[in-house]
Amino acid sequence: MLTLDFHPTGRHFLQIPGPSPVPDRILRAMSLPTIDHRGPEFGALGLRVLKGIKQVFQTQHPVVIYPASGTGAWEAALANTMSPGDHVLMYETGHFASLWKKMATRLGLEAEFLAYRGGDDRMPEAASWRRGVQADLIEERLRADRQHSIKAVCVVHNETSTGATSDILAVRRAIDAAKHPALLMVDSISGLACADYRHDEWGVDVTISGSQKGLMLPPGISFNAVSPKALEASRSAKLPKAFWAWDEIVEMNQGGYWPYTPNTNLLYGLAEACDMLLAAEHGGLAGAFARHGRWGEGVRAAVRAWGLDIQCADPAVYSPVLTGVMMPDGVDADAVRKIVYERFDCSLGTGLGKVKGRMFRIGHLGDCNDLTLMAALAGCEMGLKLAGVKLAGSGVQAAMEFFASQPAPKAA
Amino acid sequence: MLTLDFHPTGRHFLQIPGPSPVPDRILRAMSLPTIDHRGPEFGALGLRVLKGIKQVFQTQHPVVIYPASGTGAWEAALANTMSPGDHVLMYETGHFASLWKKMATRLGLEAEFLAYRGGDDRMPEAASWRRGVQADLIEERLRADRQHSIKAVCVVHNETSTGATSDILAVRRAIDAAKHPALLMVDSISGLACADYRHDEWGVDVTISGSQKGLMLPPGISFNAVSPKALEASRSAKLPKAFWAWDEIVEMNQGGYWPYTPNTNLLYGLAEACDMLLAAEHGGLAGAFARHGRWGEGVRAAVRAWGLDIQCADPAVYSPVLTGVMMPDGVDADAVRKIVYERFDCSLGTGLGKVKGRMFRIGHLGDCNDLTLMAALAGCEMGLKLAGVKLAGSGVQAAMEFFASQPAPKAA
Amino acid sequence: MLTLDFHPTGRHFLQIPGPSPVPDRILRAMSLPTIDHRGPEFGALGLRVLKGIKQVFQTQHPVVIYPASGTGAWEAALANTMSPGDHVLMYETGHFASLWKKMATRLGLEAEFLAYRGGDDRMPEAASWRRGVQADLIEERLRADRQHSIKAVCVVHNETSTGATSDILAVRRAIDAAKHPALLMVDSISGLACADYRHDEWGVDVTISGSQKGLMLPPGISFNAVSPKALEASRSAKLPKAFWAWDEIVEMNQGGYWPYTPNTNLLYGLAEACDMLLAAEHGGLAGAFARHGRWGEGVRAAVRAWGLDIQCADPAVYSPVLTGVMMPDGVDADAVRKIVYERFDCSLGTGLGKVKGRMFRIGHLGDCNDLTLMAALAGCEMGLKLAGVKLAGSGVQAAMEFFASQPAPKAA
Amino acid sequence: MLTLDFHPTGRHFLQIPGPSPVPDRILRAMSLPTIDHRGPEFGALGLRVLKGIKQVFQTQHPVVIYPASGTGAWEAALANTMSPGDHVLMYETGHFASLWKKMATRLGLEAEFLAYRGGDDRMPEAASWRRGVQADLIEERLRADRQHSIKAVCVVHNETSTGATSDILAVRRAIDAAKHPALLMVDSISGLACADYRHDEWGVDVTISGSQKGLMLPPGISFNAVSPKALEASRSAKLPKAFWAWDEIVEMNQGGYWPYTPNTNLLYGLAEACDMLLAAEHGGLAGAFARHGRWGEGVRAAVRAWGLDIQCADPAVYSPVLTGVMMPDGVDADAVRKIVYERFDCSLGTGLGKVKGRMFRIGHLGDCNDLTLMAALAGCEMGLKLAGVKLAGSGVQAAMEFFASQPAPKAA
């Protein structure tokens, strides 16, 4: 029999920025019996989740659900809309933006990377990893593209490796200002259902997301929200596509079915997650956004009190999903993480790529609350001290002051 | 479909001194299919749990498992060994000792109550509720009972209403010193599997316990560990007994069965709980005792830092299971509890009986760890402040210093 | 980790007359987190289950829920209403009636047993175990009791050891006809929620039931439905009672709470079970009764086709819960059961007491359906043949004809 | 809260040829908490499932696990090994072979279809859908391919739409006999863990499989077992690949990790499934193959007794996974299925593609046993009669005779 016996007692604190802790309510839903994916019950389930997930993306248009993880949905967005050699404009917000660019290149696209042009005192080599997308750079680049060779602008909404949440509406406006026909494709894998996101209102053509973040599910399903313009583009795009092809899925989704075997048990979880997120008694999506905003503020209060730097250098784009905590020079962030894990049964996110070892990440997404964060912050504070980091003050104290000082948001 | 939708997000912190949080591993075991309680599989299960629970009680003699809650096991201990009008000597350690006495009276016994004779500054009316059993008082009383009219000495090992863990071996020695034949009956409902307890070595005749504390199960099964002397006494005792009667149960237990329908699914949970508690890789029972001891110390460090009084006035009998926190005069402990519950999704134990409103209780039993307690203490500290209680300092800070200052006990 | 590895693959067919198979939906409900039994959530849960269970008993009066198995509820009924030495009139319908009588005797009551007076060809020594209660015998006996020394008439509604469901209303009328003040106490442990049962309308004073039969829960909770007359009687009854005492429970139930720790997780299951049983879309209680009636008919069609005798010799009281199948002379019913268990992964009920080895029992109660019964009947038919029993014909064929011949009851 | 309330009571019989019923033991494993996919626990889990799944494929070489459904694994096999325009030789065994060919075409390959050349009385238009792969046709075609323009031979091991299990070793020998360098790629999505399958011994280059059939998991993970020759081919293949690319996955799998987020909870299920399938006490893989073989024989005995045709016309390749049942002319198979579903709560597989409406499929795969099949067959027999189909005799009777006549296979 399978067990996970790494920890003797009590509940592990999973404070990485995803996968986020799966609520028992969702685990229970996932244990419903697997059913015939061609039967009438399945059709009812399919229509239900398709309706719910549209509300979460704030769209009236199709949301394609893949029985695959988020990386697959990145590929799907590109494979459905692009042709071999197409030029895509991407923006380096961090590790995940970089991975998406790498994928675009592997798929045979010409991927161009924009990045923040300013300097950065603490991380000169990763200045672009401390900020959101600069929409003006995109506008400038698109204006220069007189032949409209750029077929898509691809940006990450919430960069999971840094804790910066870019302004997607600003990117939309930049494209419009440049009168450029490129598609706007946005990765909101970690932003969806935590940070406000409006697929239709913000004029996004393809939004990519996944299950294991704000939706509070295990990994294993992912999404493409698709605008009519993107659907149109997919009809003539030439990259080979079969598993990822939107056409057959969108067609069969009208009855609540899929052309191939969907992962039924995760769809049960998705139905439950939508119910939880949209429940009026807990404030609906707006309530979820408010809760995450509050948690981010509390965590940042702690980081500031410790005298440590927040990875995201631009307060305007602080993430409600996670906070990157930079270490003083000479401190290995992963050594701190190891202490916190082994002594205090709490997982923190590692620094990825360019910032490996220089920072760790505290997730405050999904199924969370004030005291869970207080526990995580206490683990961090003890771990930092045990690792020999000199702290300016108690972050735990500062977070308690913050959480106690203001009313909980409605239903939080 | 049933849901518990009182809390919008994240996990509730159940920090009452029982029922304690049930680990997922036990909930999973409880979801095994109900089987024929007369079939071969059940016999294997029965023998397994009977063997495991004996190890937890540290006894070689029978442990009777009831499909009933702990209150029933109190009744069972009395009904099996006493006759109408028998005289039992009980000791007032707190609310649960008082309830047991009330039960003895209802069952037609003559129950005599001993209590601490000294004074108490903070709680003169409840001085006996701030200490453990004074074994010398028992010895004195037994010596005076020349005719041996007292048939049993009944004490509570860990008084759940106060946070005092009495010295049972001292009680045994007191009875022996008085050369008195009374049975020794001990309620270790909340002590078992948290505080060291040795049924055989300490010469206890009947130990009563329940599932929902250190055993980490939901309520619903309870126990009588029974010495040969107690078994002998049960043969001539005259209180009516049928459901509680040891004789048929002990007989049928030899094959792993019960005379009436046992609660199969809780027995699955019990099998799992025994595996968890006895697992060598987490230190076995000794590891569990060490973990609880450490948690108690951490919580008391916090209470002291706040400048509040610990309910238990005798450091020699501080409980590793729970800590009673006394409020300053004029503060309603239940008002504090309400704030902590509503704002911070954390349940604390209420003051019971004589100390209603004057204290609250923090449970640190069962499936717990350092960060869970840090969360609970943060909730308390914020709640106390919001309730207007002036604190001398930060208990959270003190607890972090304690937990970080010393190595975790082996496998904790 | 706990496993039950007696069977290599597929689902075991648990066709004993209880514990009945627990639906996954109830197991899922039982995995909700254990909560503070003194907190507001618990109060809401308590009021909900108390309301639901009253509907199942078809009563307006209190239903006392015990955290104990059904045998305990037998004791509770007697302990609350009787005084030492009281005379109770019981009726021998089978093994469980006999056990209840044995309990009454152990509790110090004077228990008198009535039994069927006619003969029986197949089982002369157990003629009374093949029929229901003969109400006229009760009337006759009560009329003879001029001094009203009989304090209670105790009968079993559905005798789980035989498959006879007695006419409780006839018993009520017999008592009334005799103008006798005795209480009417009815064990409907296995009848409730399968066979029609009307606590109020039939004038029952105490109905005893349990969780592991028609309610589809694991064993561990049991019930006393209590009439005002019984409550009145309990105020002066003299048997010692504490754990079982109605008074404090009924009092605290007004707020949804219990005087001692209730078994929270089974109450979650009970809430779910009530929802399932009362759901209008599946026909409510009437739908449940109709389904069980139909299953019983199908199983009896099979037994008749085999040319075997149905244990219950009176078609007027055939049980919708289980069917006793008598073996031809010389065939050991338990040898048949063993073959069916080992070869076909199906548990059947053993013959109890007087009919040990002479019959087996097929349960058709709780969470069941036509094809589950077809599987069980196929297992029986193959097992009977393998055991060398000559069958007159195919019971499976007869059951298929029955189930296919008539429409399923509404929503069955 | 999510419920599936289509059926009032009892367990649904899911007898489609996949998704197969998920055992509770696997559902329980899937409810373990989601963990950090970069932490040490995950590495241990990863190594464990990678080792187990190799044993199931009977290979020493890498098995790539995708967080995607089986259709994705088809695409992965092609995308990793082929270049645009490559010629692949496929074989029309049924609907799934046809879908795979359609996919190959969508991906830009030149897919050639071989088919059975003989006639068929009952289904002249679908003769190739009633048989397995004719290896001699493949040999003949490969011999004709002097330039070795054919890059891969792609066949389906167990054709889920028909119930024919092709002889893969014969295909290997055909390729060898033709001295042709083409890769051998085999879809064993529904065959794996039910029908004997030996990736290494049979010289297969890529085996594709999925979770929701013999592995008894919900849909959502799929596999490519990869020979060294296939790995070598992937290094120069030119179809775009990113999500499906073997290289990074195989590299990171050495530590038990994946380059992107794996679906942790289904991997828990996979670990459990491997334990169950490989358990010596139930006969290991050989035991699983024997059980499925026996079930197939039992079901076919029933079909023959009904006087209906088995879809697979070649007894040498009868499937142990499912049986296709052909309807008499004029009977709509889906009308029969509907009756069986609505009246008897049993799902059967529909006829797909060319055989739509002409047959239904009975799954006997995964977590099954004799009585479950008896139930399904009883449902079919009643449903067929209710649909007006004249049956020659009782299939239920024939299956009982078969199951009772021979000993259960070891541990079955």
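We just call them A, B, C and D in the order they show up, numbering each chain from 1.
Everything below uses one rule, namely that contacts are C-beta pairs under 8 Å (C-beta built on N, C-alpha and C of every residue); 3 or more make two chains touch, one makes a residue touch a chain.
Remember, predicted model here, so these are calculated numbers, not experimental data.
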Mutual neighbours - chains that touch subunit A and subunit C alike: B, D
Result of counting contacting C-beta pairs for A-D and A-B, higher pair: A-D
Longest centre-to-centre distance from subunit C, chain (CA-based): A
Interchain centroid distance [CA atoms averaged], subunit B/subunit D, Å: 54
Geometric centre distance via CA averages, subunit D-subunit A, whole Å: 35
Rounded Å distance, subunit A centre to subunit B centre (Cα mean): 45
Residues of subunit D engaged with two or more neighbouring chains: 1-3, 11, 21, 24-25, 28, 31-33
Of subunit A, residues touching subunit B in the complex: 3, 5, 7-11, 13, 21, 24-25, 279, 281-283, 287-288, 291, 343-346, 367-372, 374-376, 378-379, 381-382, 385-386, 394, 396-397, 400, 403-404, 408, 411-412
Complex contacts: residues of subunit D adjacent to subunit B: 1-3, 24, 28, 31-33
List of subunit D residues in touch with subunit A within their complex: 1-4, 6, 11-12, 14, 16, 18-22, 25, 27-41, 45, 66-72, 74-75, 79, 84, 103, 106-108, 210, 212, 218-220, 239-243, 245, 259-266, 268, 271-272, 275, 341, 347, 350
